[in-house]
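First chain A sits with chain B, and in the next complex the same chain sits with chain C.
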Partner chain A sequence: MKILTLITTPLAILAMAGCASAPYNPANNTAGRATVYEDVRSSGRVQGIGIESQDIASMTDKMMRDMLANPILAGRSPSPRIIVDSEYFRNESSSRINKNLITDRLRIDLNRAANGRMVFVGRHFSDMVAKERDLKRSGMVDGGTIRSTAAQAGGDFRLGGRIASLDALDPNSGTQSRWQQITFEMVDLELGTIVWSGIYEMKKSAQNDIIYR
Partner chain B sequence: MIRQLPLTLCLCSIVTAGCVQTPIIEGALPGQRISDARAPNATMHMNRVVIIDRNLQTEQSSKLAVERAGSSSNPTGTMKVFATIRNRTTFPQQIEARVQFFDSGQIPVEGPSPWQRIYLDAQSIGNYVTSSARADVAHYYVEIREAR
Partner chain C sequence: MRPIFLASTLATVLVGSFYAPLAAANDAALASAQQRLQSEGERNMVLNHMRAGTIAFEASNHNAAETHFDAALNRINGFYADDEQARKARSLWYSEGTKNFLGEPYERAMAFYYRGLLDLQKADYENARASFKSALIQDSFAEEEQDRADFALMLFLEGWASHLNGDSILARQAWDELKTMRPDFVVPAANHTALILAESGKAPRKLADGIGHNLLVYRRGKRFKEQRVKVASSGTLLYPMEDIYLQASTRGARPIDSVLDGQIRFKKTNAKRGTVLTDVATGAADTFSYITGERASTGVFGAMQLAGTVALAFSSGARAEADTRYWDNLSDAVHITTLPASEVSDELTLEYLNSKASALREPISTKAVVTRDPRGNVLAWARSRPAVEYR
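Up next is the complex of A and B:
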């Protein structure tokens, strides 16, 4: 019987230890804390048929990736000088939008991702540069530490584009639909040829009771 | 000796129970990594298309099938990723996809990208195609959810 005790005791301990397996930690699958902030890349609580933050984030990201995959723009040596601003990017649609939201985001995303594969000319800052150059050349200020050049940088390619729309209204229900087409084109600034094109389109319909400002 | 057996077992249980101490919750909690054979999808697998929306797919049923997925190189050295998704339902579906890119050390180098909307007609296929912005990319991870 002493032998029986010696056998059963360790067995009992082993059996109990076997039951104590590592617990599975399930997710606390509940909603997060309420906040006024929203993800700019997703539809928000206030939605209409106009161009919204998720559309701008999506279209600029798509164009940026497409341009960086294009060897004419991103595979040249030396890197091409590119102008991306809203000067030749026109809004002909019925949507109220600040075009700079699109062109600024596109330029900044491209510049950050290109990492030298494209060089961006800040043509919208040209008057700022001209003033400083005048001050330097008049002797009012010294020449700075970088270098001096004969002129500001000229561009090789420049962004042009258009926002267009087609609206439809059901007077019975008040439902409005808007098809919007945003085109992006990169133009050779010597030849005038279009070396790259991109298009982004969307159609939304809703009771148009949202006011865009 | 037979009389000693229940006593031994009882003592053994008490000793074992005494070892189970209630943990004290204090201080910041480290982030968890779930590694459990019973939850094989609880970890992230590189170069995969995943459906993150339970409205689209559960363990028992799914509205979508990921028919093809893969990557190739663009002429500029960036990575092109594609996924072909089939709508298994007889209803049109709108889904959204996004990608994150990682380098050879599985360090995130880009993303997540904004959601791109994909329109799927009933029983039809749709494609998600995108490219990385950088050339030093080795892995991708595509997420799909129901459009909102």
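Up next is the complex of A and C:
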């Protein structure tokens, strides 16, 4: 009997000490983490179900390759003038996004890879160009060293597209999923025909801890 | 000449002294909310960003409002799996309030609402629409099927963002769905490009109910009478589009409630077990002493008493209280009306009325913050109670 008492007494005291006064620490006193570079083409430490860096990198890469393989866009002589910006690239999805992240990357990647097979019109810089042309024509500055033209460049083709999404939620499990479809279309700016189309899609799902559902 | 000069000076001073404290109070409240971000840390980070964002939004401090709501939404949009604070909050020995605050669905939805309004003010209609859609998704977490995604305000605003963006088909789709929830709502005319939004009342409150304070219940904000709103100059009555308290209180049981319920059962079982064991041990020891005339040995009876004490300790150590932190500078309801942009004055005053649309005994009227976005469309926003009035 004494042995039983000897065993149970310290155990009970330990249990009481441990349970009755669980420490409450409101502050997250983690030691933190030094800055690290992460690969933009891989999933980072912080993830959601929206469009992330790896999605933009892989979608623009896919579209660029596809466009360069299209003879209407990349096999013409003289090289076609193309406008790639976010003006006609619509976001109809439930993800907030700066669309320029997609269109800027696509234009720059294309411009570097096309090597003159496509000429890109900087329509988003047209104000800047107009101001300089006015200064030149008014005689405030000289004519520069390249050439003078009657007007700024007109485009042959322009990018249009759409980001759309479909969300689904299972309230029982708290699992949320989002299917996103991003379409890219190159439009003939005289005829209105679509000379090239590309599509990129992804579906992501995640489940929150029960405490946050 | 002199009396006129004196009167005008006095008037200037009075008007100045009326508005100056409001602006000063707003600055002080924003500073205080930002201070709380630092002092209360990650646990209350989202809550304090929501509070600070609301104060900044009211003061038309767009940059600060965007910063605060973006910070809150980045956390809300993240997924918390295998999270240390969540694991603690689920355990027996910590209350639910240990977790990092992310808000209940209605609070998350309202954070998206303010983010969407900030986008509307900048004519970024597509991202505004994305925000309102995200708000609707948050509302889909309701347990009660009939209350899922019934946040009419967000549906209206999704349609409004599409309307301003020229996406008439998308606007029509959203408003057709809205009509199923608000049949009496009149869809904005094609030439309406100004939206007046007015918020009334005080935030829904969260209380812990039940014997172990494990049940989360909602109560409407206290001490306010305003329930309707009209435009002071024209008398146009705004449409009461959303009751935020109703959104909070109709969600139904939360998944975490079953965990808290289990903890309460554990608490009760151990309390009962502990009481029985200690009572039996004491009674048996007394009986033993009475029959034998000897003092009861500490062996068997002592062990029983000890086991009882341990069970009682487990019971008192278990924490099952529901988390009652809430976004306290939200409003109770949102009212809307739309009209052509040319008909909205930059000096727009809204008057708040009781539930029967009659004047209040203590009249309340506020000046709206009127924003003409880069495309010439108008968003006028006002609230009956200053956002600085919170706990």
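Following the convention adopted for this analysis, the second predicted complex is superposed on the first by the 172 of 213 C-alpha atoms of A that agree within 3 Å, B and C clash if a C-alpha of one lies under 4 Å from a C-alpha of the other, contacts with A are read in each partner's own complex, and residues count from 1 in each chain.
The working rule: contacts are C-beta pairs under 8 Å (C-beta built on N, C-alpha and C of every residue); 3 or more make two chains touch, one makes a residue touch a chain.
Keep in mind that this is a model prediction, so the values were computed, not measured.
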Figure out whether A:I210 sits in contact with chain B (first) or chain C (second), or with both, or with neither. second
Is A:I97 in contact with chain B, with chain C, with both, or with neither (first, second, both, neither)? second
Which superposed partner A:G116 touches (first chain B, second chain C, both, neither): neither
Classify the contacts of A:P78 with the two partner chains as first (chain B alone), second (chain C alone), both, or neither. neither
Once the structures are superposed on A, label A:V46 by its partner contacts, choosing first (chain B), second (chain C), both or neither. second
Where does A:G192 make contact in the superposed view: on chain B (first), on chain C (second), on both, or on neither? neither
Based on the superposed arrangement, let me know which partner A:D61 touches: chain B (first), chain C (second), both, or neither? first
Partner chain(s) touched by A:G32 [first = chain B, second = chain C, both, neither]: neither
Dual-contact residues of chain A (chain B, chain C) 1-2, 4-5, 8-9, 12, 16, 20, 22, 24
In their shared complex, at which residues does chain A touch chain C? 1-2, 4-5, 8-9, 11-12, 15-16, 18-22, 24, 26-28, 46-50, 90-97, 99, 167, 169, 171, 174, 176, 206-213
Taking the touch rule as given, give the residues of chain B at its contact with chain A in the complex, in rising order. 1-2, 4-5, 8-9, 12-13, 16, 20, 32, 34, 36, 38-39, 74-76, 78, 80, 98, 110, 113-117, 130-134, 148
So in the complex, the part of chain C that touches chain A is made up of which residues? 40-44, 77-83, 85-87, 89-90, 93-94, 96, 98-100, 102, 115, 119, 126-127, 129-131, 133-134, 137, 140-143, 148, 167, 170, 254-256, 259, 297-300, 302-303, 306-307, 309-310, 313-314, 316-319
Chain B-facing residues of chain A, complex: 1-2, 4-5, 8-9, 12-13, 16-17, 20, 22, 24-25, 41-43, 54, 57-58, 61-62, 64-66, 68-71, 74-75, 109, 113-115, 117, 202
